[in-house]
C-alpha cells in the first residue's frame, strides 16, 4: 500500500508521467468509490432502516456495497443509531481496527448531535464527531432508505475527488 | 374476580398490615411496610384463590419528598392484576429482595438499585449493568441529581 | 426411510421456491434514476411556507410550534415593533435535534410550517444541518399546502382570546424563553468536530 | 496411565458489535470447546435514559420518545402510553379511532414478526427469507407512510384518539395486501418450516419450561410456545379485542421450533383481526377534544398490552398538578426474556445460543430503555 | 485440438533450439501454467460477479448495476479497491504463519488443475493417476485454513479454523468413495480415460442406475462441504464466528482467500463434470464449450444451495457425514462392485 501512495511522485519524473498519474488517480479513486464495503454496525432504529436499505426494494448491492461482519474488511462504518456513552469507546475501537482508507457516515439525528436524546439524557453521546472523524451527515430520525442512499452517493462523490496522495 | 371483590379479599386477609390507596385508577393499589413485604409476597403467591405467579414490573419512584418502590403483579391462572408499593424516606432506603418468590425480579431490583440508590437486601448480584462501567456521578434518576454535561430542556 | 424421503422432498420444495423467484422481475426502485413517489403526508424536512403571491412568510410568531416541539429543535428570535406586534428576526431549525415527529405542524394553525416530502439533504459538515429562515423558506417555496380558510372576524377573535389566555399566564416565561432561546441549553464548550488533520489525537470526549 | 484429558475453559466475548446480537448486547461466554458453559449477558449499550426524558416532557411530547422505546412496533408503545393516560384521566377514544388503532396495531405486529422472520433465518444461515420478509414489510410500511408520514417512528396515536384519518387510497391498498399476504406466508413456510436442516437446528434447542417462563416473567410468543395459553388480548381484553374472534396458537415443548410455529401462526391471526376490523370500521370523528394544558388528576396506573414480543407495560404516576408525568416506567417483553437466556443456553453450543437468541426475538431498546 | 497443437509446436520449437531437456520442460510447463492461471483468474472473477447477480435475482433485486452495464466491472473494481487497502498484521499474530496462510490457500486452489481436462487434449499433463492426484491436492486447503485460524491469534479465527479442518476431513471420505465407484467402472485413474469411458450420453456415470445418481448426489454434498459453502459454511459463519478464519485479514490477503474460495468451487464443479457428466463429450459444439457449460451448470446448483438452505451446526455436520453419508457411500460402492462383477453394463 505504501508503494501505491508514492507512485504519483515517481511517475512525475517520467516524461508522460503526469497524465499517467492523473489517470491512475481517476481509476483508483473510481474503484474505491464504487465498491465500498460497509460494516454491519447498527445500534437503534436507524439499524432497521439500514436493514431495509439492504433488502429488495432499495438494494445497497446495486452500488457494490456488501455488508462485512469484520471491521478489518470493511471500509465504511455507517453509525446507524444512538451512540451511548457506554458504546462510544467500542465505536472508537472498531474505527481503529479498520484498514486505512476508511470512512464514516453519521446516519440519523442521534449521531449528528444527539437527536431526540440531546436534552435530559445522562447516557447519550451528543453526536459522534468528537469520537470518530465523520465524512457525511444524514439528517432524519430515522432517515428514509433513499436519504441513506443519497448520503452514500455524496460519500462516493467525495471519494472520487480524492487524490492518492492525500489519505493520511 | 373484579376490583371490589379483590380489594375486599386482600384487605380482610391481611387485616392490619395492608391499607388501600385511592390513587389506583383501574386496579387497586395497596401500601405496606417494608418488613412485611417478603411475607406478603409469599402469601399471595401460595394463596390458592390469588395464585399470583407473574411479576410484571418493579418501578422505583422519586416523588420529590420520598422514595417509593411499586410492584405490579398479576396472576396468569385466574386473571388478577394489582399493584402494591412501599414508601420510604430518602436516607438509608432499603427493601427486601423478592427473588425467592419470583426469580424474574433480579434485574428489576438491580435497576432500581443502580438508578435510585435504594439498597436491596440479600439480592446476590447488585452490580452496575445499565450505566457505563466507569460511572461515578451518583444515581441519575433522582430528582435532585445533576451533572456538568446534563442539559435540561428549556422551559418553553 | 419415510423420514428421509420427506426430508429430500422438502429440500427440493425449498429449492423450487427460491428458483421460482429467479424468473420474476425485481421489486427494486433504482434510487438515483427512478424515484419513489412519496405520499403527500410523508414527513421529510421541516420547511417554512410563504404566501404564493406576496412571497412573505405566513408565520405570525405565535411560538406555538416552539412550545410543541419535544426536542426543542425550533428556536425563534423576534423583536417587538412599536405596536407590540412581534416581527420574526430568525427562525432556526436544528436538524441534528429534530425527531421528525410532525407535532409542530399540528400545533401551527396558520399553515406557516410543514413537513415537506423532501429528504435529500446529506451534507459533509455539521453546520449545514442548522437551517435558518432563508434556507427554510427557499426549500419550502414549491411545497403545496392548503391555506386554512380564514374566517376573518371570528377566527381572529377566537385566535386572540386563545393567544391572550395563553399570554397572561405565560409572559414571564415568554420573556424568559426569549433570552434563553438565544442559546437553548448549548453546552459551554461547543464540541469541536474531529476533522481530517487532528485525527491522530481525538479531542477528549466530555 | 496418562493424566485424564483436561480441557480448559476459555472466555469468548460475543461483543456488543456482533452480527447476531440484534443491536448491541454483549455475552461473556465461558466455553469448553464448542459447548457454552456459562453465558453472562452485559446490557446497557443502548440505555438512552428514556424514563428521565419523559419526566421532563408534557404528555403529548412523551409520544415521540415512546416511539423510540421499541422501534420495531412503535405503534404498540404509543398505544400503551395513551391507554395508560386515558385510564388515568378517564377519557374514552371514539369508536372509529379505536378501530383504526386496532388495525394499525395488528399491521405493526405483522411487520415486527416479519423483521423477526428475516433475522431468525439470517442468523441460522438462510439469507433469502430475510429479503422475502422485508419485501412484504415494505408494503405494510407504505400503508403506514400513507396515513402518518413516517416508516418506523409513527407518532400516529394520540391521547384520546388518532392524529389523522386514513386517506382514501388506504382501504383498497389494505384489501389488496390482505388478499396477497396469506400466499406469501405459505411461501415462507415452504422455505423453512419442513426444511430438515431448519428442523434439526431448532428442534429441542433452548427448551423453556412453563415454570421457568412464568417465574422469570416471560410473556408473549415465548410463553405461549411453552404451552401456557395466555394472551393479553384475550385474558385482559383492552380496546376492542373482545369483538374479534381469533385463536391463540400455543406450542407444547417450548423449544425454538415451537416459538417459530407460534409466530408464523400469529401472523395469520393478526391478518384475520385486521380483516374483521376493516369490515366493522364505523364512521365518526377520530379524536376527543383535550383541554390545551392537559393535566391528568393525581394517581398511578400500570397498563399492559400484548406486543409482538410479549407484555408491554407502561406505569405512569402523575402528581395531578403538573402537565408532566411524575414517573414513567416502561417494561418490555425482551427484558425478562434476556434474563432467562443464560438458564436455557447452558450446555448448548455457540450455534444454539444464536438460534435461541433469534427465536426469542430479543431486541435491545426494550431491554436498555 | 488446435490449442493442444500450439503447445506441441512450441515444445518441438524449444527442443530444436538445443536447450537441455530440463530447461525445455520448465519453460513449456510454466507457459502452460500461465495460460491456465490466466484462464482461471478470468473465470473466478466472472464467478464472483455471477454469484452476486444470481443471489440478487433470486431475492428479486438487481445485483451490482452501476459499474459498467449490469455491473460486469464490479469484481475488477473490488480487486482494485482491495489492492489499495492497508495491509494489517495484528501485533500478537504469529507473523510467518499469518503471512503464508493466504498464499498457501491461493496456490492450493490452482494446483488441482494439472490433470483436469478442459477439452479434448486440453490438459496440462495427463497423469495416469489423475484423480488420485486431485484428491490429494484438494485436501491441501485445510492447511491454509488452519494456518489462518492459528496465525491471526483470535478466538473466533481459531474456532473457525478448527471447525473447517474437522469438516473437510470428515467429508473427504464419502467423496473419495463416491469417486471410487466411478473409477471402478472407468477402469483407470487417468481423467482422460474416465471421460472416454463415457462416450455416449447414456454411458454417463450419472445415468448408470442404481449407483450413478447416488454417487453423484454424495459427491455434490461432499463437494459443497469441501468448498465451505452453505449448508456447510461453518468456518466463515458470519452470525456465529463474525468472519471465521478470515477475521483478521484485510486488503490483498483477504482478496486471496476470497479468490481461492471461488476457484475451489470451480474445481469441485470441474471434477464433478469430468467424472459424472462426461467431461467434454457432446454433439456439435467444440469440446471446451461443452465442458464450460456443464461446469457452470454445476456451479449454478452450488450457488442455488447457498441462497436457499440454512446452516448446519458443527456436531450435526459431523454426525451427518460419519453416520449417514459414509454408510450410504459404502453400500453404493458394494452395489457398483457387484454390478461390475455381474457385467450389468458391459457396453
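Which chain is which? They are A, B, C, D and E, in the order written, and residues in each are numbered from 1.
Going forward, contacts are C-beta pairs under 8 Å (C-beta built on N, C-alpha and C of every residue); 3 or more make two chains touch, one makes a residue touch a chain.
These numbers were taken from a predicted model, which means no experiment stands behind them.
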Smallest count of steps, each to a touching chain, taking chain B to chain D: 1
Count of contact steps on the shortest path from chain B to chain E: 2
Central chain of the complex, centres being mean CA coordinates: D
Of all other chains, the one whose Cα centre sits farthest from chain E: B
Between C-D and C-E, the pair with more C-beta contacts: C-D
Mean-CA-position distance for chain C and chain B (Å): 39
Centroid distance [mean C-alpha coordinates] between chain D and chain A, Å: 31
Cα-centroid distance, chain A relative to chain C, in whole angstrom: 25
Between chain A and chain B, centroid-to-centroid distance (C-alpha), Å: 46
Per-residue multi-chain contacts in chain C, two or more chains: 11, 14, 17-18, 21, 26-28, 30, 69-72, 99-100, 185, 187, 206
Contacts with two or more other chains, residues of chain E listed in rising order: 56, 58-62, 65, 238, 242, 307-309
Sites on chain A at which at least two other chains make contact: 55-57, 59, 62, 69, 84, 86, 116, 118-120, 122-123, 126, 141, 144
Partner chain C, residues of chain D touching it in the complex: 57, 60-65, 67-68, 128, 132, 135, 138, 142, 145-150, 153, 155, 163-164, 167, 187, 190-192, 194-197, 292
Chain A to chain D touching residues, read off their complex: 40-45, 47-49, 51-52, 55-57, 69, 71, 81-82, 84, 86-87, 90, 94, 116-117, 119-124, 141-142, 144
For the chain A and chain B complex, residues of the former touching the latter: 84-86, 118-120, 122-123, 126
Parts of chain C lying in touch with chain E, wherever the complex brings them together: 11, 14-15, 17-19, 21-22, 24-28, 30
Touching residues on chain A, where the partner in the complex is chain C: 56-59, 62, 88, 92, 109, 112-116, 118-119, 125-127, 129-141, 143-144, 146-147, 149-151, 153-154, 158, 168
